[in-house]
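Given below, in the form of structure tokens, are the structures.
Heads up, the next two complexes both have chain A, just with different partners, chain B and then chain C.
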Partner chain A sequence: MSVLTLTIEGRDVAGQTGHTILQVARENGIAIPTLCHLQGLSDVGACRLCVVEVEGQRKLFPACVTTIDEGMKVTVNSERLAAHRRRIVELLFTERNHICSVCVADRNCELQDLAVEVGLTHFDLPLLSPQAVVDATHERFGIDHNRCVLCTRCVRVCDEIEGAHTWDVMGRGTEARLITDMGIPWGDSNTCTSCGKCVQVCPTGALFEKGRSVAEARRRRPYLPYLVAHEGRTR
Partner chain B sequence: MTEAGTPTPARRRRQESLIPAGPVRASAHVCMAAGCLSMQADTVFDSLCERVTARGLTDVAVKRVGCLGLCAAGPLVAVPEMGRMYDHVAAGDDAALDGVVDGLAGGEGGRQTATDPFFSHQVKVVLEHCGQIDPERVEDYVAVGGYESLTKAVTTMTPAEVLGEVSRSGIRGRGGAGYPTGLKWTTVAKTDSPQGKYVVCNGDEGDPGAFMDRSVLESSPQQVLEGMAIAGYAVGANHGYVYVRAEYPLAVKRLTTAIRQAEHAGLLGPRIADTSFGFDVEIRIGAGAFVCGEETALIASIEGGRGTPRPRPPYPAASGLWGKPTLINNVETLASIPAIIGRGAEWYSAIGSGKSLGTKVFALAGSVVNTGLIEVPLGLTLREIVFDIGGGLPGGGKFKAVQTGGPSGGCMPESLLDMSVDYESLAQAGSIMGSGGMIVMDDGTCMVDVAKFFMDFCREESCGKCVPCRVGTTQMYHLLDRITRGLASRDELGELESLAGMVRDTSLCGLGQGSPNPVVSTLRYFRDEYMAHIDDHVCPAGVCKMEPREAALAAGEVAP
Partner chain C sequence: MSKPRLATIWLDGCSGCHMSLLDMDERLFDITERVDIVYGALVDVKEFPEDVDVTLVEGAISSEDDLRKIYEVRRNTRVLVSLGDCAVTSNVPGMRNQIGPAAILERAYLENVTINPQLPGPMVPRLLAMSRPVHAVVKVDVFVPGCPPSADLIHSVLDDLISGRVPVTAGVTCFG
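Up next is the complex of A and B:
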């Protein structure tokens, strides 16, 4: 494994072959907003918040799945990227029913944090306000599809770490929904081990533990790196 | 079925071609592709057989063939020996059926294919055998020189020579993006993989109005299989998959027959042409998702997963199906290969112009007289395609635009009619070559409505994986919907343009990145139509139903 040198935000940094732009940036204290990425899980490049500019390339690259190259010049913050990121967060807020004041994850929500981080102060686009359901059939947990952002962290943690693959996605476009097993109520699932990892990794209030107050709904995420031997596995 | 006293034709079971034992003076080729079959071409075929037999024409053949091209005028019957094409030969239409039989007997009638511009302006490479051979008989394909190129490649050429020939031909991917085929093949060939490689034929054609791949698979499936085997030999793969949409049952059926027959004849399978090279092909049927035409989604679908794209790199050429190097080519690209190997790269690269060499099959649809399947050398102008080959607009309609490239493409206005149809010119005009759908629009078409149609398509077909495509296309659709209802403001048009740029820049795959194209290109050439909807609450084409302004104001749907 050899060491590569590159520039991120004008700073000379070094990283190992096969490491991603995101990894190297974070090692060097350069912040790149992410949502679907979670250390310890495979990366899917789906939320597009971490897109960065690479000099000499017209396309934007998702930092979480783009591996570094020798001499690469990466721009993490630019007016264009800031506008795109703000728009992505706006799209997520307008897609379903994200009403912070009545949410179990209020003040403990990555979507809320992102809105602050990217400076989203208002919506230019109308709310789509879909009629999404809540599945409270599981004895300990519940899922409120109104608050789901389809980051698929739960799908990956369930498949890759718990090994149960209870969660998956069905449907297309804005009709896409998380499902348990082949679309049966969560409580009827015979693959779910009730381990609760999905609840811990959910960035919003979509997956929640029953009987907990808002103040208690803090996620315990740092346990994940202890569960996996190494990070940065990509599919 | 044979009348007493007339000589017995060689053999004929129901639904099999009628071939006389002796020399053939004339033959009726009855189109059996999906378009004509939907107009009972099989009944036409039976009636023609009966009539030929009844007339005692013993030196006349009646053959089942694939697409004859002029799909709008079906059912079609061609008599190639006399250079004639009979259109609208409807089942039960005695006059039309007798007309064909009269022609076979030596009488006049039909269209002259040598002078009819629809036929005479075309150059057929991919469609060379369409309409000439029975797609369900491997013998027919072999009789016109089929599998000679494969035999030539595996017995007289090294894989490197095959790669060189394909590279020098200058052919580019016919699936839409136009990536140089030779380069793609060479990349896969150079990637070491002791565990094997794969060749995948992408037949997940889904652009609205496009049916090139379907027609090729229905009319000359062996040609595609031969192209795949040659590709396998060149890149070092022994296993191929054809991914076909479930919406093409006839193509699936004929392909299944073709694979069985080719394996039976020793043209596919182990030890092709007594060499150590073996190649087999399996069919995978799509479940109806447009996005599965995207190569990484297609691979996920073949592997049995959910058809969603993944970020590239790694490209399938490095890590594709089951993580092995995989060559993915479109049906049309692979169908061009036998001719390139058989006749040589120089012959192929003499067709076309500039960086766009060879021929391209287009499905001509919309407001045009000769709706159907055509193959032209690249570099012809839009005007030649729409007016000479297509015969112009029906009923003297006025030309407004032509759309290429499906939901990722754009609309070209009248001022671009003299533009050459090649990869670079189309990209410059804000469209793409795409897989080959070409939709002609007359002045009764509202361009905002067209943009809305394609956005609705993208919104529905978005796989839902990445945020910009999933939510962005939905929001753009809603904005376009408001414009077509006369509710939108200029600010909302600004929002639409800003969203278009963002979705193009940040989407994960080509479907999302290309989805704003219909909006951007119609805004570029037909901005006045958008402004008429917004400022004057009028749809200039009279298509969109404007909502009364007062009622909308009262309902709070518009800003005062």
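Up next is the complex of A and C:
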């Protein structure tokens, strides 16, 4: 494996053949905003937030899936890139129903944080306000399609780490929706192992654990097997 | 030189943004020294006055009354501030947009009511088809997201505006 040298944001850096711009930038402490990327999962370039400029090229390149080249000159921050990133986050917000104030992920949300990072204070685009459903058929988890940004982290973690491939995406464009198995309710899935990895990797409030919002505290008395008072009671 | 004229107005919101405004504690004395509060929930004035320098707008535009008021506000205001998520994004009031006003009213005033169920009469302003952010209806000069925006943020925005500076809210406050 040979070493390639390039510049990112005017800094001389080096990386190995096959490494991505994002990888090399982060190794060198150069920040590039991302959303669909999650270390340990394959990269798919779904969100386009990590777009960078490469000298001599007119089009923009997603840093997470673009491998480095010898002598490459990469720009990470420019007015053009900032405008594109702001627009991307705006599109994500306006395509579904993201109501931060009443979301299970409020203050723990990568989309909410990104809005601050890219300086988005309002939406110039109209809100699409689509009809989107909540599937709460799974015993322990739920999916709120109102909050989904189609980053496909859940699809990848389920396939690549858990090996179940319960999740996938159906439809195109604004009609695209996450599905479990062949579009059946999550609770009916016989491939889901209920491992919860999808919930842990979700950047927004789309995938959530039940029992964490108002009036949902359920006691699990069997955890106290030495108490007899609870015997036969579920609540 | 006379003091800047400040107004606040409460449209389709929960009043939380006004509460957050009041939450700036002793800094309220400083602010009220430096401006004339000419309209809003904090003063007893019935008609929106002319020649207002700054108006803080809380709430989304959801009813015919909101619509009438926001046009009047815009006509008479130099710097219009969308204060909080309802004004900026339509937030919680906008959650009815997928459902529509007829079904919402039926649910709230007929289905869920046990005593004398009836739809609101002509005394209650009619709901618009959609609850919309303020800037979907009139031009907005300053956006202050947050549910509610913190008292510190509201103070710094007011301090900037009173001092003739343009407040920068990008990167300092989040939705929610």
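Methods note: the second predicted complex is superposed on the first by the 212 of 235 C-alpha atoms of A that agree within 3 Å, B and C clash if a C-alpha of one lies under 4 Å from a C-alpha of the other, contacts with A are read in each partner's own complex, and residues count from 1 in each chain.
FYI, a contact is a pair of C-beta atoms (placed from the backbone, for glycine too) under 8 Å apart; a residue touches a chain by one contact, two chains touch by 3 or more.
All figures in this text were calculated on a predicted structure; none of them were measured in a lab.
Trainee: Contacts for A:L60 in the overlay, against chain B (first) and chain C (second): which applies, first, second, both or neither?
Mentor: first
Trainee: For A:T174, is the partner it touches chain B (first), chain C (second), both, or none of the two (neither)?
Mentor: First partner only, chain B.
Trainee: Which partner does A:H84 contact after superposing on A: first (chain B), second (chain C), both, neither?
Mentor: The answer is first: A:H84 touches chain B but not chain C.
Trainee: May I ask you to name which of chain B and chain C touches more residues of chain A?
Mentor: Higher number of touched chain A residues: B.
Trainee: Under the stated touch criterion, which partner chain does A:V134 make contact with: chain B (first), chain C (second), both, or neither?
Mentor: In the superposed model, A:V134 contacts neither chain B nor chain C.
Trainee: Determine, under the contact definition given at the top, whether A:C100 touches first (chain B), second (chain C), both, or neither.
Mentor: A:C100 contacts chain C only, not chain B.
Trainee: Could you look at A:A31 and tell me whether it touches chain B, chain C, both or neither (first, second, both, neither)?
Mentor: A:A31: touches no partner chain.
Trainee: Just checking: does A:C47 make contact with chain B only, chain C only, both, or neither of them? Give me first, second, both or neither.
Mentor: After superposing on A, A:C47 lies in contact with chain B but is clear of chain C.
Trainee: Would you check which partner chain A:P126 touches, where first means chain B only, second means chain C only, and both and neither mean what they say?
Mentor: A:P126: touches chain B and chain C.
Trainee: Which residues form the common part of the chain A surface touched by chain B and by chain C?
Mentor: Dual-contact residues (chain A): 126.
Trainee: Quick check on the complex: what are the chain B residues that touch chain A?
Mentor: 289, 291, 306, 310-311, 313, 459-468, 470-475, 478, 495, 498-499, 502, 505-508
Trainee: What residues of chain C sit close enough to touch chain A in their complex?
Mentor: The touching residues are 82, 85, 88-92, 94-95, 97-98, 130, 133, 135-136, 140, 143-145, 147, 169-176.
Trainee: If you look only at chain A, which of its residues touch chain C in the complex?
Mentor: That would be residues 93, 97-103, 106-107, 109, 112-113, 115-117, 119-123, 126-127, 129-132 of chain A.
Trainee: Could you list, by residue number, the parts of chain A that touch chain B in their complex?
Mentor: 44-48, 51, 60, 62, 65-67, 80, 83-84, 87-88, 91-92, 94-95, 124-126, 128, 149-150, 168-169, 171-176, 235
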